[in-house]
Amino acid sequence: MFSLELLLNALVAGILLGGFYAAVSLGISMAFGLLDVVNIAHPVFVMLGAYAAYIMNVRLGFDPILTGVLFTPLFYGLGVLLYRVYYASFERKGAESLRGLVFFFGVLFIVEVSLLLAFGVDYRLVEAPYIGESLRIGSVGIAFRLLVPCVVGVALTGALYLFLSRTFYGRAIQAVAQDAFALRLMGANPFRVKGIAFGLAIATAALAGALLIMIGPVEPAMNREYIGRVFAVAVLGGMGSIGGTLVAALILGIAESLTATFSGPSWSVAVSFGVLLFALAVRPAGLFGR
Amino acid sequence: MAGRTFAALAVVVVAAGLAVTGLGVNQYYYFAAYVVLQYVVLATAWNILGGYTGYVNFGTPAFFALGAYTAVVLIQSMKAPLVVQLLGGAAVAGVLGLGIGYLTLRLRGVFFSIATLALAVVLQTLFVNWEYTGGARGITLARPATTPLGGSYVEYLFVVMLVLTVIAVATAWWIEHSWVGRGLAAIRDNEEAAECMGVPTLRLKLVATTVSGLLMGLAGGSFPYYLTFIEPASVFDLNYAVNSLAMPMIGGSTTWMGPVIGAILLGTAQQVATVTISSALNLLIVGVILVAFVILAPEGIVGLVQRLARRGRA
Amino acid sequence: MSADAYLDVREVTKRFGGFLALNGVSLQIRQGERFGLIGPNGSGKTTLINCISGTLRTDGGRIVFDGADITAFPAYRRTRLGIARSFQIPKPFTSMTVLENLMIPIEYARLGHHDGVVDEAMGILAQVGLAAKARVLSRALTQVEMRKLELARAMAARPKLLVSDEAMAGLSSSEVDDILAILLQLNGQGITVVMIEHIMRAVMRFSERIAVLDAGEKIAEGTPDQILGNKTVERAYLGE
């Protein structure tokens, strides 16, 4: 049954969800879009961030966003380390991407099962004063648990965009994707630059995870739903384009929200699959790709 | 291994399998052996696309489960005999392989892999919502009262799975030694060059995905009667995804022997381990071993042995 | 004009996103000809070859080979029709030996299976001077040997038209002569050879006609002497 109010609510929820999806996808936009590293384990690091927020919330009463920010440096270090292993084992040897993919799947697997062992299959959630609240504008309800992640997600996207376009290392990261040799001539070490880029990609997972657990309860297997989503956003947005990531994330969020409202929530997972296939078939360069 | 030797080995294996039935031994051994053999099939099937062609399938559960659920539908709708279940499961899973291949194999390999991941998630959602096959609660199935062999049904299924294993491994053996296998290897080594050398890469890749899916569906087809209870959570279990990948990678992905060795070693170890440790911890160990092998010994056990043999000769 | 063109490239255009790599390039190559293709780095030579071999899809224009419009054909079909190429950066089948590398085009580029494939492969290897390395893994070869393998592989496809993409880059003078001799021999057997090179003396000696590309366009075409004296070509290479 269809009503304008239902449609409006679905649209708004979709936009809010999209802002959050942007936060989750930034890491893939960088790792896959700019560095061509197929890190399918990225969503599981987001889960890790979510569980970090959970622990800090339950034990110390920390606000999830605070945890997200606090853990960002730790996740950055993790990312740099992970890239070093990947580089030494696969990239340097020019090994077939088969093994790199399997490697990240192994990492995904190890982290997911570790979370499973540590926390079990029960859903975990966080408590914060604003999570249950919502505001109404006309007939549209805006839940804070969606609004806050959206705002933070958009802010994170903006911050990353500024970093990539205004700072030396940011521009170096964009350059390394296209021409590692020229980068050397500029005095920057491609390996180091890629390490920083990958570190940043994983670093975003800390905050993204905190946002995730704000939206709803989490359990370890959820990371796999997100793999389709983040790659759909990365491809649709035009690999490596941060602005494109945001637009694509919004599109995905709206598509999922509409599907969930009118066809049932269990089908929203299939939406990202459809979007990805559509993007690959119609415009593999994405919306903003070069 | 030459064709005649292989065929002889296959006959010996099946004969041995038949010989150990009806001995009045603890039924548990047949259950366990069935599981290990099932892994041999899944690992072999995975490797045709993974190790031979270089395309990574993360969605083994999708094909396996589709085979199982096809069998469920065939049982529910027409009480179909086991053979029909097997063929049905294989056919439907094969079509899925063809379909997903057709949609994604013109793109980079990573998109195929991501699509297989997404596929597993989507299919699971589908079956969770389909009441005819039990939905999320699952469905119980009754085995037939008698078996063609006499003896228990589990022993019969063990022999069936043994035959399926021989079929799967023989398929891999044939592909490996034929012009098809050489073409797949060329695709794996350098797809662009292969295409320019006259290899119809898309067509061969589709063959590989279809055969791989078909064999996985074949294994899934006998699962309902084995377990007598099918629910999405158990057929879409993550352990199928990781094991079908880890076993060939650990055993060695360039020959038919690798998946067999990997599946027997890892499968048996896991059967022994699940008695003592939790299944989650078991999976964690598999994951760690997988990553270790991918980084340190990518050519797998078979490759290591070959390397040692070469050094011994030199 | 197109009537006697064996390979007729008509107004081929190729874009990569916003970048125009080829802008309406046309070439007519006659059967049995020795044709040279030169131009500064980034002028689109390899892109053009990729479009001819089918590795890339064109965004405009047509390609006609031996009377058949092959514009929409996938690469493997073009190979089976008789177009073969070597790669600028060698792309050997790394898990295979040198001999096995040749088996692929022998088995796939020519339909129908036949006996004596190993002998044939060995013959080709002898022609390029790799016979001694037949059982060696292709990834263990030196750079020069890999270049020769590239050529040998293309030859194993029994092409009617062979494109050699910078097969001589970085080779010593005598190695360049080796490759040149092989290409001349192949042409002597009736194979149309298109040579892309930077090594001017080789191109000038080898080619009956030469086309020059610059920034995705053909800026000159003619005999080696005509090209040598061409001011536009000189400007393209040296800049203003």
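Order of writing sets the labels: A, B and C. Residues in every chain begin at 1.
In this section, a contact is a pair of C-beta atoms (placed from the backbone, for glycine too) under 8 Å apart; a residue touches a chain by one contact, two chains touch by 3 or more.
Since this is a predicted model, take the numbers as computed values, not measurements.
Asks: Among all the other chains, which ones are in touch with both subunit A and subunit C?
Replies: Common neighbours, subunit A/subunit C: B.
Asks: Give the chain pair that accounts for the most C-beta pairs in contact.
Replies: Top-ranked chain pair by contact count is A-B.
Asks: In terms of CA centroid distance, which chain is the most far removed from subunit B?
Replies: Relative to subunit B, the chain with the farthest C-alpha centre is C.
Asks: Averaging over Cα atoms per chain, report the distance between subunit B and subunit C in Å.
Replies: 43
Asks: Whole-Å distance, subunit A centre to subunit B centre, using C-alpha means?
Replies: The computed centroid separation for subunit A versus subunit B comes out at 32 Å.
Asks: Give me the residue numbers in subunit B that touch at least two other chains, ranges are fine.
Replies: Residue numbers touching two or more other chains: 188.
Asks: Subunit B touches which residues of subunit C in the complex?
Replies: 53-55, 74-77, 79-80, 84-85, 87, 91-96, 100, 103-105, 107-110, 113, 153, 157
Asks: How about subunit B: which of its residues touch subunit A in the complex?
Replies: 50, 54-56, 58, 103-104, 107, 109-111, 113-115, 117-122, 125, 128-129, 188, 238, 242, 245, 249, 278, 280-281, 283-284, 287-288, 290-291, 294-295, 298
Asks: Touching residues of subunit B toward subunit C in the complex: what are they?
Replies: For this pair, the touching residues of subunit B are 179, 182-183, 185-186, 188-190, 192-202, 254.
Asks: Please give the residue numbers of subunit A that touch subunit B in the complex, ascending.
Replies: By the definition above, subunit A touches subunit B via 38, 40, 85, 89, 95-99, 101-103, 105-107, 109-110, 112-114, 116-117, 221, 224-225, 227-228, 231, 235, 264, 266-267, 269-270, 272-273, 276-277, 280-281, 284.
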